[in-house]
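Read from first to last, the chains carry the letters A, B, C and D; within each, the first residue is number 1.
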Amino acid sequence: MVTRDQIVEWLKLVARVLEENKDYLTKLDAAIGDADHGINMDRGFKKVMSQLPSVQDKDIGSILKTTGMALISSVGGAGGPLYGTLFMRAGMAVANKYELTDEDLVHMWEAAVEGVIQRGRAQPGDKTMVDALLPAVEAMKKALEEGADTVEILRRGVAAAEKGMKDTIPLQARKGRASYLGERSIGHQDPGATSSYMLLKALLDVVSKEAGEEETSSE
Amino acid sequence: MVTRDQIVEWLKLVARVLEENKDYLTKLDAAIGDADHGINMDRGFKKVMSQLPSVQDKDIGSILKTTGMALISSVGGAGGPLYGTLFMRAGMAVANKYELTDEDLVHMWEAAVEGVIQRGRAQPGDKTMVDALLPAVEAMKKALEEGADTVEILRRGVAAAEKGMKDTIPLQARKGRASYLGERSIGHQDPGATSSYMLLKALLDVVSKEAGEEETSSE
Amino acid sequence: MKKLINKPETFVRESLEGMALAHPDILKVHFDPTFVYRADAPVKGKVAIISGGGSGHEPLHGGFVGKGMLDAACPGEVFTSPTPDQMLEAAKTVNSGEGVLFIVKNYSGDVMNFEMAADLARAEGIRVLNIIIDDDVAVKDSLYTQGRRGTGTTVLAEKIVGAAAERGYDLRRLADLTRKVNMNGRSMGMALTSCTVPAKGTPTFDLGEDEIEIGIGIHGEPGRERMKWRPADEITELLALSIIEDPPYTRTLREFDEEKGEWVEVELTDEPFKAGDRVIAMVNGMGGTPIAELYVVYRKLAQICEDKGLTIVRNLVGNYITSLEMQGVMITLLRVDDEMVELWDDPVLTPGLRWKA
Amino acid sequence: MKKLINKPETFVRESLEGMALAHPDILKVHFDPTFVYRADAPVKGKVAIISGGGSGHEPLHGGFVGKGMLDAACPGEVFTSPTPDQMLEAAKTVNSGEGVLFIVKNYSGDVMNFEMAADLARAEGIRVLNIIIDDDVAVKDSLYTQGRRGTGTTVLAEKIVGAAAERGYDLRRLADLTRKVNMNGRSMGMALTSCTVPAKGTPTFDLGEDEIEIGIGIHGEPGRERMKWRPADEITELLALSIIEDPPYTRTLREFDEEKGEWVEVELTDEPFKAGDRVIAMVNGMGGTPIAELYVVYRKLAQICEDKGLTIVRNLVGNYITSLEMQGVMITLLRVDDEMVELWDDPVLTPGLRWKA
């Protein structure tokens, strides 16, 4: 179970984590992209934060759709439409809800990541955020089937995302700017996969904290 | 007495001296101008050399006028019209002559330098070639009046030019590019005064060599 | 980093404000969301042409807004795609009822943002088609990459399609024309120096004192090859031959199918240049190159085209699609037919390109 | 030194050859001696306007040859005045019998070479008048220097006087108009970076990583003052106020007196700007500055002019008179009357400036 307030807390934590990791993400993007991913995401979540007060009393679907719209209109680049779509689709998947069952939660991520793939047409292995997101969704689905609780579902999702993120290092990019580098993209961790991992990790942190567990550092 | 052949020798020596001092003159011009005086003068006298064969059997006036035209059409910048005028006026002053008496010689330089002043409107002390040329003419006139021989006339002219050249160092430029530097032009030797000195020195070298005297280095 | 800016955060906005002040007769600038649009928009009976992309490529795109070219341009932050709300607002402002054509450079960010914008605009009842420009032969394959980048041909497409819109072509015909321009245009660029993105403050890449980068993108993306400096003629030959001898290139691009009401993948293959072709040639400075050097390149390009049997019927030499203050050059060749040449010659009145007006 | 050239010795020539190839409809280039001239020269019944100077300032002057502007331009080596034989041949080629006006920037080399050329041309029966442009307020006094340098006003003068020649003004009236433009135009520039003369191969001056030079000439001559980098608005204010608040300036220039048949010294004093003046404003890039930055400068300049009661009636923002790849900006303000504005608006068709044609 994830509450509306936890979703709000989550978005705030994401904003904080992205601010803290702005330079780190930008550095990753400098290696194989155009050195703006951290700047873009930070700008986007600042916008999200500025709009949050006006929607945080609404349902989770509205909050997430507003988040998506804020990202779409402020991030730009590839990250903007991708993360915008992620949150829009997530919001649409849980419209009118004030709390999410574990089924809702997993369904929400499934729909969200489906949206990302539709938007960006990246395949797994293309060295993009999909390489963190898709394994996470699959792990969460599996955990749900196996009857894991909310924290455990998210924990498995985060673990899969982290592995997927790290596994982007040896890959050669086939989508986004990094693809122009050809073989020179090998050996670098994908910035989008990294920010995706951070997103999931922040949700786990919020949920597990309220479940009485210790918060771990987010990087 | 200066012969037609000596004039031809002189021009050849000037071409050689300027080629050797191309970098030196350019370096002087870099300090207070636009770093091209040596390049310009060398280009000009290369052109003179290429035309010399076709006129070296003519009278001195023609040779000098051809030299002036060659400089005018190839040097450019401030140096082109000034040295072009110098040789044109020199040539006009000794038209149709195959040899120059000492009177002719001094008169030739007087007319030549008058042309430079008319063209450039520089006053003595403006930190230009005039500061080498004008004292030289005055010294040669005085030497002639005092009954000095050709070599002595030229020797005194060269000495005055050398002093004038060195005396440009403490001056603040009031003509040409160097004038934009204001006080920052102080402390540098004027490139045009330096090339003027070289011109006179080369003539002395040619004439004194034929007079059985030892040639001295030209820089 | 020394630039004529106040601070990185306000650079794009202040530059646009300056442009609006300088050309009030030609264009206006709207902020929040940001877009540049024709002073006389919407133009009755005319399909609106909109483009956009990251800033830092000026005059592209804002400098090509005006009679005979773009109705609106959506500038993002430096080298960052603009956002769909910009394009949506721009579309609403300049649409006269005849629909809107989005001309989009093939960068993942641009492509996705313009697709979202098109969806949003359609949801508001505006007819929109997106056509992608992907002309940079420095990118070899499309299977293992994002595909070719959109570069110099964009400028030529905006001019030609803008003229056609002015003549009253309908939306579908304009989309077809844009696709045709794209299929006949090829570009390749090189850099002598890097550029510095204001927000970053340090050069995007390091080039040694005697190194050059061949096949560079317009954002300082790495090129095909780094090599020692060589004379302009050799560089020109390298670029020109890469373009002229480029084999047929097949790519899959996404377009909106109005009958089906959905995005479909379209496979397109272009034809290489061949003797007898007529071309428009552009020698484009990357921002920091003196025009005198661009003419040195044009001289050699003209010789090469003559050798290869290509007739240059029109040309552009100057800064049209740039990478901030980067020094370097991009060559674009566009195979043209009579229709394209006629449209090229039509009047244009924009800050960046102007004739007969 | 990394440049898009083959070698320094052939740079000017190859660049001109490229220009001739790119614009055969507008101009031709003659070599030995070198000059650029209108493709349709001599134009019957029209006084010919000729300018020239060292190369490296492109598009000035060769890029301003064409209908409505110059009949011919004489390019020297980079930053070196051209020679009188170039001007003489150019004059002979473009003179239609109505005489020739030489527009000369106030550098000792240019002035002397154009004077010699005028004498030579007159000796061949061609009527010639020389008018000097000296508009650079960075040079304070004329008593102890060569006087003010000719900079941005030259571009505006060539446009306005070119239009007047096209309208049929006679030589004397054109000379008067050129002098009037000069007396109403003032400029000042600054550099963020040095330029590198190809023949020299190293930067003309050294500027520290955070230093700028204010009051620079167009050859990398030193300016008034070297200072730490500051925001574009402050730089713009510095330049604009130096121009707007410049006190009356008196100079002695040499002109040819046709009645007397000899060169005479003319003393001229200009009037400072005052509230209510209408001006043409030019924000000119020094060659390596992105146009987006020039618009940042224009934005502030427009504000300052408004504050000072000056109305900008026309403007130019771009690279018009440059110093190779130097980064920096020059501001020119020209006080105009109705006649000058009308002439400004007349058609012009040159590689560097084009409208209504």
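Quick note on the criterion: a contact is a pair of C-beta atoms (placed from the backbone, for glycine too) under 8 Å apart; a residue touches a chain by one contact, two chains touch by 3 or more.
Note that this is a predicted model, so its numbers are computed, not measured.
If you take chain A and chain C together, no chain is in touch with both.
For the pair chain A and chain D, the distance between mean C-alpha positions equals 58 Å.
Separating the CA-averaged centres of chain A and chain B is a span of 80 Å.
Between the CA-based centres of chain B and chain D the separation comes to 32 Å, rounded to the whole angstrom. By the definition given earlier, chain contacts exist for A-C, B-D, C-D.
Contacts from chain B toward chain D in the complex involve residues 30, 34-36, 39-40, 72-82, 84-85, 119-121, 172-177, 179-182, 184. Considering their complex, residues 2-7, 11-12, 14-19, 21-22, 55-56, 58-59, 63, 192-193, 209-210, 212, 229, 231-233, 235, 287-300, 302, 315, 317, 319, 322, 324-325, 327-329, 351, 354-357 of chain D touch chain C. Taken together, the chain D residues at the contact with chain B in this complex read 33, 54, 76-77, 79-85, 107-109, 112-113, 115-116, 139, 144-146, 149, 197, 199-200, 204, 217, 219-222, 254.
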